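Going by the order they are written in, the chains are A, B and C; count residues from 1 in each one.
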């Protein structure tokens, strides 16, 4: 266990040192975070300047959802995506063999190998948004809701991670399948809106096929106290199931790699 | 200690004939061919031995190394390395071995090698004191001092290879699998790496398995060689023994100052090469003294040299015998 | 130089096609150009179903975002990424040895990519657009005819801008950060995210920035009837900004190559 923690610490230190090596980055990244935040909010502002409620979501509620979206996106772009893009590059070049030669679980080793540390600014931005929106809600969230909101944020991130691992595993078979990760990232953009806004077909797709509802809408609903208990439970179980499935597929992919690579 | 018994590794390869029609057909119906990369190979290697794997491209050497290091599962047969089953990839096993692939890199490209070393230390759970000692030793032997802080992409090929070797040895493995470690390096660097490997083998009693296309690597480093061709093991033993059994004749080279008739030449031995007045003959071993007598005496030959046949020629002859057209 | 370039064009185009299939960045751009407008369309049509939003009915939104998708498919490119990668990998040095100006070479390969990227999506989108029954859909033949040059200018100005950003790779290592900045500004001010009139106070600024003329101009031509004054403004603006952006692009390029050759790559 300590081995894994130490590995994580080293990988984090390396990424931060790498990022710090470019001093100009600090300013650029800070400005970028603010800019992205502003631009992400513009459609929301435009929407709620003309309506008080969209699909039963008021403006402050939609802001909370947006905060969840920004937070999950920060995790994706800050940790999940850089690591898995690195993995695909290793598979392409054959250096992945060296990962298998290390006495550490391969999935653990590749999942957190690269970071974009500046994305932490966006996490802070998300928290700032929540701080802004909460006082403007009709009802302040109870401690239970806050707890559930945090838990479902965790499962949302877990489900996101599981999906990305599935894509990365697929690239063992056909290297170009890593493009799926880009596709996922593009679809994820819809997660900034409440899933209830979209039509039935989309709602089904966004809950069961590419479960962006699990990533953002349901966790936000948990914080806001608008989620049914059964749905919250289903979300947690669904995320766990997805994690298990992704682990299984990963192991199959490794097994296939170690019997076929020449 | 390495033991392989009837090791076999098959690959299913999808062969697609050229042409548009075939490409379309392959979308629905794929024809798979079984390639026998390794076919019933058996050998035992004791602790501390240095063994060279020789064979033409595609013979199965790299595949064998990958099976021994756990990267590939054998199709049939048994493999044991230091009492572990490689394909299970247990942590204890992985901590004892190392694989260096001359054509693939484990160093992080944009960062100095020292960062990769830090990562390996964490991964192999090497205590700090031992890590420092090992790194110090490697830095001295391989002259890594100025290289450790430069980003990998700024190092030359030779410098990179030295750093790769160091990265592979930080956890003090006792079994080394080296797959073409000197490929693309200049002669001086090849010699340096050979010396280093021999030194490591002697200091730590580490078993070394080496594949290389450079005969000099194998001749200089490995008293024992295993020859693999088309997946089959065709020789396992002492290098000198191989040369003696395959081609016991010596090569005698000399320079003549006077002309010599073909008949007279043929009496000395079979003519292998001629460059102006410099001749190379093949002479049976027991006849060498007589031939030398002739050359030094009446013929007044100069620059006399008596050598074993070059390993390349022997191998070329071994592999050339039963070579069907290699698949594309 | 020019004659040689013209002779080389067919080959350049053919290779452009081959490269298209191999590039990942291309896929990313293609995917983004498809999904973003569709997601927005999904959102705004539902919003407008309750009541028209600031004058846009659901049909208007459908038409707008389909038009945006079409134009973006036709003008989007990834040359900034490609240039950045080539400088990093050293392939740029090879390119500089060839007798064809890289601006032309890159332009040819990216233009060639368009038919292959859009062979499925585009006809579908056009059919849907034509049948959307939106109120603003152009039927004026003059306006429709102007869509073609407008598209060409939109493509060229987008390309020039991204080429300029790509040329920054000679100076900076983190060109992609700048490219992201550009895309952020572009998505807002070009009408990609939202129809420009919806932007309220910002719409005034957006009307003059180059981004509008890279995307919104042809979209406006397709989806809203314009009087002749407006037609002149749109096309004139496109011409002006295309000229400006090309000048900037070639200047940055020249400075970059000088630096590249001085530093040794």
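One rule holds for everything that comes next: a contact is a pair of C-beta atoms (placed from the backbone, for glycine too) under 8 Å apart; a residue touches a chain by one contact, two chains touch by 3 or more.
Because the structure is a prediction, the values reported are computed rather than measured.
Centroid analysis (C-alpha atoms only) places B farthest from subunit C. Chain centroids computed from C-alpha atoms place A closest to the centre of all protein C-alpha atoms shown. Centroid to centroid, with C-alpha atoms defining each point, subunit A and subunit B lie 47 Å apart.
We define each chain's centre as the mean of its Cα atoms; on that basis subunit B and subunit C are separated by 54 Å. Subunit A and subunit C have Cα centroids lying 29 Å from one another. Listed in rising order, the residues of subunit A touching subunit B in the complex are 2-3, 6-7, 9-11, 14, 17-18, 93-95, 97-98, 100-104, 109, 258-262.
Of all the residues in subunit C, the ones that touch subunit A in their complex are 24, 27-28, 31-32, 34-36, 39-40, 42-43, 46-47, 50, 53-54, 172-174, 177-178, 180-181, 184-185, 187-188, 193-194, 198-200, 202.
By the touch criterion stated above, subunit A contacts subunit C in their complex at residues 22, 24-25, 28-29, 31-32, 35-36, 39, 42-43, 46-47, 49-51, 54-55, 176, 178-179, 182-183, 186-187, 189-190, 193, 197-199, 202.
Interface of subunit B with subunit A (complex): residues 11-12, 37, 62-63, 66, 69-73, 87, 89-92, 94-95, 97-99, 101, 103-106, 108, 110-111, 115, 118-120, 122-125.
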